[in-house]
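In what follows, structures are represented as structure tokens.
Consider the two complexes below, in which subunit A is the common component and subunit B and subunit C are the respective partners.
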Partner chain A sequence: MDHFARLGLEATLELDGAALDKAYFAAQRRWHPDRFVTRPAEERARASLEAAAVNDAYRTLREPVARAVYLGSLSGVEMPGDGRTIDDPDLLMQAMEDREELAECAAIERVDALASRARDTIARELAALGGFLLHDDKGAIRKTLLRLRYLEKFLEETRARRINLERVGPAR
Partner chain B sequence: MAYSEKLIDHYENPRNIGSLDKAADDVGTGLVGAPACGDVMKLQIKVGADGLIEDAKFKTFGCGSAIASSSLVTEWVKGKTLDEAQSIKNTDIARHLALPPVKIHCSVLAEDAIKAAIADYRAKASAKDETKAAD
Partner chain C sequence: MTLLQIHEPGETPLPHEGEAALAVGIDLGTTNSVVAFARQSKPAALHDETGRAMVPSVVAWDEVGRAIVGEPARAILADTPDRAVASVKRLMGRGLADVTAIAGVLPYKIESGAGAHDMVRVVAGGRARSPVEISAEILRTLKLRAEAALEKPVERAVVTVPAYFDDAARTATRDAARLAGLEVLRLVNEPTAAALAYGLDRGAEGLYAVYDLGGGTFDFSLLHLEKGVFQVLATGGDTALGGDDFDRLIAERMLSERKHDGLGDVLDTATVKKALLLARQMKEQLSERDQTSGRLDLAGKPSFHALTRGDFEALIAPLVARTVEIARSVLLDAGKVPADVAGVVLVGGSTRTLLVRQAVDAAFGRPPLTDIDPDEVVALGAALQAEALTGGSDSLLLDVNPLSLGLETMGGVVEKIVPRNTPVPVQLAQEFTTYQDGQTAMSIHVVQGEREMAGDCRSLARFELTGIPPMTAGAARIRVVFAVDADSLLTVSASERTTGIEQRVEVKPSYGIDHDEMADMLHAGLDHAEDDMMARLLAESRVDASRALLALDGALAADGDLLSATEKSEIDTAAARLRAAVAADDRNEIGAAAEALETLSKTFAERRMDRGIRRALSGLSVGELERRVGT
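Up next, the complex of A and B:
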């Protein structure tokens, strides 16, 4: 059973956050160990497996990029694993430039501007991904998911950079 | 998890950080990235008239093992021929730095980077030969 089906949701990129939360809490209640304490061992075991699967589904579907990667895998698009370089020179060039720009940021406002730019790009890439999923364009899906991964990583780095700058204080 | 002294040394005192002129004929640039973790690594070589690698620089945005792997490779390739540099294996890097199994992919990335830099230099050199032949 896939993560969407497990929570009784339609498999789609534009998942309603409130609906996801509601489905998650309902499923969690349904399989809660407290409700199975007096049940036979095999039922207890089943409930704990289900509860774990529900948590896993929620964690994956909650984050838009993780959800996108998961939807890609449902369409048969596997992300390359560790161990080989990615084959998108434009993405690599862009990633290198972005990271250099971030490393040179001395002001928090500048870091925030880069983060906000990255979030806009993520929104645009996600919108484009919707179309690629619809047309089952596997090459474009894979390319877009890789871009999203890099953008997510970049956002993570902007947060780290921000903390660093806050600790050091304003540049004199 | 304990990291080796060599790894920590390369991470804390990385060798050859920086950039070479990407547009120069005698410079080869390799740009690679890890699909899973989003790390990105640039490795450049400058090849002398004698065919030996006279300078190497790197810039890596990634974990300590990725930084140490690329730092080590720039150190290794200096003074080598392209063929010698081409033969560097990720297992050599991983062994030298005693990389833990979960970080082996960092050494693979460094191997891919030096290979890409050599390929870029060779592509430039053969394009130049063709231009010369056409003159």
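Up next, the complex of A and C:
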């Protein structure tokens, strides 16, 4: 059963957060191990597995990029594992420039601006991905997902950089 | 027992009897502990004859080695510090390296653990004792208090732990409860329990933060509350930051003042305990007035020390700043800003400190909610959850895994498998491969923590996956599965995937306690136990023995052919002895017979493990494997 089906949701990129939460809570009301404490061992084991699967579905579908990568895998587009070579020269160039820019940031405001630019790009790429998925354009899907995953990592790096600057800088 | 490890996780061969027994909620705190009971969603803390709900988490031992817990033990701590132990929670699941010294001297007399088990032992009352054993004394007292108040046997409990407790400390807590004769229905995180009590009481909805500063630990959790759902979004903390550290700073200041005045103190555990006790009194006084003073008498040389609130706040400011920094990073983890938070609930006795309240107020731009007793709210939440688990309820607690779990890979780098703040229970897998041609074994090192290098994280377990069919480097597909249960306890299993057969290896944390140690402690505790205690222990060893026998029967049926006729008959004889012991009333004989059987069947268990692995990995020829990998 795929993650969408497990939560009784339509497999779509634009998932409403409130609807996801509602479906998730309903599934956990049914399967959470807390509801099986006094049940026989087999039922407990089953519930635990179901609850784990529901949690996996929820954490995957909750984040837009993770959801996009998952939708890609449902369309048969597999992503390379971490640390594998990326065959997109433009993306590599972009990544190098972004990182350089981030490393040179001395002010928190500059870091925030970079993060905000990355978030805008993510939104644009996600919008484009919708069309590629519709037309099952595997090449374009893969390329977009790679970009999205890179952008997400970059956002994480801006977060780390921000914390570093806050620690070093004067108390705010 | 060795044979038991072959069972599927979560599977209990014998269903637990006595479903009618009551279930309570227990807050096992660093400084104080509380037991509470809920009826129809109305929780109440259980009091002693004098009306006190809090039991000081202090254990002392009398001349004959009998344990004394609570207020009387605290009195002993002041007079004869060698016979008492306080703040034992800080040592749960800890090694010597984790323990903070005061002026180079620990307030505990400590021995490092024996053998592979690194958990420290505390020397008090003339004997080395495990923190698990000492915590069990506190839990036993709480259990007795509950039974006296409710006039019924109490055998099950929800026990709270700091959200930021790691796997080892959680396991240690569960073991302590078991030792005290309590089945742990669930380990609930302290801030989550507090939110449950608070939310159900006030009908709160929206995003709430729980700031929990106790005697020894700090937790900060962010929860989404909505119509009976308590969803933890993110949590963070420090298991070595609490009111004890405030005391330590005051004590260090007094000791350095004495040194300055030429009172050459020779510091030992007893003097340090004395200084800490005085420091604590002074700290508590400063919650109500602007200045205080104390008289410290060490080795007949008294000294007087004045402390203003300003002095105190200057001492603790860095620690308070650290809690605010943790709170900020938890908000960041959840993608929230302070303005999103509808209310901040204060939990733990140390939140009475004015500087703490001011800091929270400043960080969130609103005064924190303090109208629920911060000392009792955690136990009340635990009691509500105990009722929900045994009697059914509409509320739903969705908690997260507090610390990332991962594996050490090439070069000591950590590969995270279950990131922090993942909702539990959860089961996540990752595939690894061999890096040398013909490699047949892979060592697996499980770590917990946020750092990049394995050496900087807590090591939970190491095991060797052997019997991998020789292949070219990178061809094998080793799948490692991390299963985290609703108590945030981890089970790791590994299998070579090309064969399609699962092989499970249950992993115990390095700081956990094995069955033999547990049995030793039960024996030691027996010497001075009450009669009802004896009865319960006997019942427990019967259950354990019956489980072992059941496991043995299964193992013999499946793999009996691994034994020679002599070995088989030896095991049969030992099993018959254990069966006879279970039918009789001598617990020591059950223990001895179980141990004898365990020793005899060790080789058998090892052979079974080997066979299991070989079966899992040798189902196919190498040629076939390569073809499959190639597709």
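Note that in this section the second predicted complex is superposed on the first by the 161 of 172 C-alpha atoms of A that agree within 3 Å, B and C clash if a C-alpha of one lies under 4 Å from a C-alpha of the other, contacts with A are read in each partner's own complex, and residues count from 1 in each chain.
Following the convention adopted for this analysis, a contact is a pair of C-beta atoms (placed from the backbone, for glycine too) under 8 Å apart; a residue touches a chain by one contact, two chains touch by 3 or more.
Model, not experiment: these values are computed from the prediction.
After overlaying the two complexes on the shared chain, residue contacts for A:Asp34 are found with subunit C alone; subunit B is out of touch. Legend: residue contacts after superposition of the two complexes on their common chain; A:Ala45 is shown touching subunit C, with no touch to subunit B.
By the touch criterion defined above, A:Met96 reaches subunit B but does not reach subunit C.
Listed in rising order, the residues of subunit A touching subunit C in the complex are 25, 28-29, 32-35, 37-38, 40-42, 44-45, 48-49, 51-53, 55-56, 58-59, 159, 163.
On the side of subunit C, the complex with subunit A involves touching residues 8-13, 15, 19, 185-186, 229, 231, 329, 332, 385, 388-390, 392, 396-398, 422-428, 483, 485-486.
Residue ranges of subunit B in contact with subunit A, taken from their complex: 31-40, 42, 59, 61, 104-105, 108-109, 112-113, 116.
Put simply, subunit A touches subunit B in their complex at residues 79-86, 89, 91-93, 95-96, 99-100, 103, 146, 149-150, 152-154, 157.
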